[in-house]
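In what comes next, chain A is part of two complexes: it sits with chain B in the first one and with chain C in the second one.
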Partner chain A sequence: MDKSEFLSSLAEVLQTETNIDFDTVLNDLYEWDSLSKIATIAFLDKNFNVQSNITEINSFITVNDIAKKAGI
Partner chain B sequence: MTEFVFKNAKISGISTIVPKNEKSLLDDPELYNGDSRRIDRVIKSSGFLKRRIADTDVTTSDLCYEAAKDLLSKLNIDKNTIDGLLFISYTPDYIMPATSYALHSRLKLNENCVVMDIPQACSGYIIGLMQAAMLINSGLKRILLLTGDTFSKFSDMFIDHTAPVFGDAGSATLIEKTNTNNMYFNVFSSGKHYDALICQNGGFRNIPKQTDFYTNGSYKYQAKMDGGRIFDFTMEKIAPSIESLLNFSKIAKEEINWFILHQANKFILENIARKLNISTELVPMQTLTKYGNQCGASIPCAISDTLKQEISTQKNRLLLSGFGVGLSWANAIVETDKIYCSGIIER
Partner chain C sequence: MQNFNKNDIYIVTGASSGIGAKIVELLNDNGATIVAIARNESKMIAIRKQCSYPENIFIEINDLVSDITNLPEYIKNLKDKYGKFKGIVHSAGIIDFTPLRMLDPKRIKEVFDINFYVPIMLTKGFSDKRCNVGEGASIVFISSIAAKTCEKAMLAYSSSKAALIAAAKVISRELSSQKIRVNTLCPGDIETEMTKKLEEMRIGHTNKYPWGYGKTEDVANFVMYLLSEESRWITGQVYTIDCGSI
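The block that comes next holds the complex of A and B.
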């Protein structure tokens, strides 16, 4: 998965209509709530075989933190 | 390892009851502070839509009583032959005595009967089946297993937005002695998460006081759920525990007809199916959309709602998986052979 594919997949997972990039602050997204956080955990597991949890996801500040976790 | 096999117990029938009163996430304007976008997202990702609510004066034991009446009459069981009654719920009638005694009286069962309550919800059906199998293994012959919950009574669950997830229901299952059936179980517990889903008030740690009431007079149970922590737990523990029971039983995934998982939510069930590498077609999940997360009754209700035809007319090997409050998780592999199944009955 390249960088642009990652961004479009993540936008779909978060069900957001906002155009996200790597600098987008997660808390600025209307959709960044418990639903999208657990969807992000499943997204990382399913596509990158990377295990995470709610505590770690809560520590993420920008989209780039999710990308780093995914190895993008 | 807490894994067991019992060779002499079988399930003979299942009845399930829901209250008539139906609520939808779409017709509750106060939900999520009226944020319709959020309601849409909850429906889409969790799968929840409708749920059943028991009337104020209807308890879990009332629903289980109706289920038991249906089961015993349809199977034409002589009540005097029931030598065990189990009531599994976190919403009992009283603190004392155990609700199973009230049900024993109401069902007019014989005094030669072991009765007990077990406080369990999401994994309660598996724990109850295991307890029934243990009693039969100890010499009893016919156990009535009643599981159910009425989480709608926890009025505070509207405050942390968990109320729309839960639906009220009751179930009755008959377990009988046989010589030709294997039931496999594994059971796990993680007490360090005892407060991940908790009702703090109503017991003796926090004695009721005047300030424990809302202005409308309803009691502050202080019931709340840490959804994130429970999600992490389900992703980490459930699929490996199911794999472990399959290994223990030496039964291949392909030999399981249906995987009946506790109807926690669609997202969790899809992810467990993905981790198990099984088709979601083998994992019924429509029951949670129609009736909500029915806690202790969710597994029998999922069977009743989605597999009535298959269960009544064919032999089936089912893998059952319950997980939640405790935190507790438990799995069973059971075989059924053309058993009575009521479908979902409304009362």
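The block that comes next holds the complex of A and C.
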């Protein structure tokens, strides 16, 4: 998955209409709620075989933190 | 105190960890013979070592989802190897946290395979009268309060456990003429490997247990009762063990 595919996939996961970029602050997104966080964990597992948990996800500040975790 | 003897042979799935491992231990302490099924052989050997009568525990390593259709035949083969069974406890299961938006049929099926299809097909084999002792035989399904609490992101897990409750009721009716008893337990959060995962995923679920999480023996002791003759008039029931949380 390249960088732009990553961003569009993440937008699907978050079901957001906002244009997200790597420096988008997660807490600025209306959709960044508990369910989106669990969906992000499932997204990382399913697509990148990377395990995470709620504590770690809560420590992420920007979209780039999710990308780094995914190895993008 | 329930009394079992060496000729009482019980199958326990999920025997390598958590609730299943504790059931193996208690059955063994009380004199029964156990055919213990799981995938992780080294964990199973370690558990057997710690038990009072290791010679009464027979380990069967099997990935139960690998050939679900043939599980009735598998039980028949186990019967040929060990003798007719007095009971079966279905503790093998997996938990899953996937919100609807990330679910696909493949993931739902993976969860249903081990949580629903496996116990049903094993029970199909067990209920063949050539495989069980008849009157006095007992089947215990481990469902979950998740079947009732239906928390966010637990669609596949909760549904699989709810389906199990319905199936167990049907089976209890079908097997009542054979005097085989069929009951289901719905534990709340019990301290095991599974709850470690639950903790990592917990999204604002408050701690609902006034006396803290349950211990594996809180479920296993109830299972012992349901397997024993002491519960001979009890079938087709669903019991919640959750410290009064729901």
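As a convention for this text, the second predicted complex is superposed on the first by the 72 of 72 C-alpha atoms of A that agree within 3 Å, B and C clash if a C-alpha of one lies under 4 Å from a C-alpha of the other, contacts with A are read in each partner's own complex, and residues count from 1 in each chain.
Just so we're on the same page, a contact is a pair of C-beta atoms (placed from the backbone, for glycine too) under 8 Å apart; a residue touches a chain by one contact, two chains touch by 3 or more.
None of these values were measured; they are calculated from a predicted model.
**Student:** Quick check on the superposed pair: does A:Phe43 touch chain B, chain C, both, or neither? Answer first, second, both or neither.
**Tutor:** second
**Student:** Identify the partner contact of A:Phe60: answer first if only chain B is touched, second if only chain C is, both if each is, neither if none is.
**Tutor:** After superposing on A, A:Phe60 lies clear of both chain B and chain C.
**Student:** Pick one for A:Glu31: touches chain B only (first), chain C only (second), both, or neither.
**Tutor:** Only chain B is touched by A:Glu31; chain C is not.
**Student:** Quick one: classify A:Phe6 as touching chain B (first), chain C (second), both or neither.
**Tutor:** In the superposition, A:Phe6 contacts neither chain B nor chain C.
**Student:** Name the chain, either chain B or chain C, that contacts more residues of chain A.
**Tutor:** Counted on chain A, the partner with more touching residues turns out to be B.
**Student:** Do chain B and chain C land on any of the same chain A residues, and which?
**Tutor:** Dual-contact residues (chain A): 15, 34-35, 37-39, 41-42, 46, 53-55.
**Student:** In the complex of these two chains, what residues of chain B are touching chain A?
**Tutor:** Its residues touching chain A are 37-38, 41-42, 44-46, 227-229, 231-232, 235-236, 267, 271, 274.
**Student:** Chain B touches which residues of chain A in the complex?
**Tutor:** It is residues 15, 30-31, 33-35, 37-39, 41-42, 45-46, 51, 53-55, 58 of chain A that touch chain B.
**Student:** In their complex, what parts of chain C are in touch with chain A?
**Tutor:** On the chain C side, the touching residues are 97-99, 101-102, 152-153, 200-204.
**Student:** Quick check on the complex: what are the chain A residues that touch chain C?
**Tutor:** For this pair, the touching residues of chain A are 13, 15, 34-35, 37-39, 41-43, 46, 53-55.
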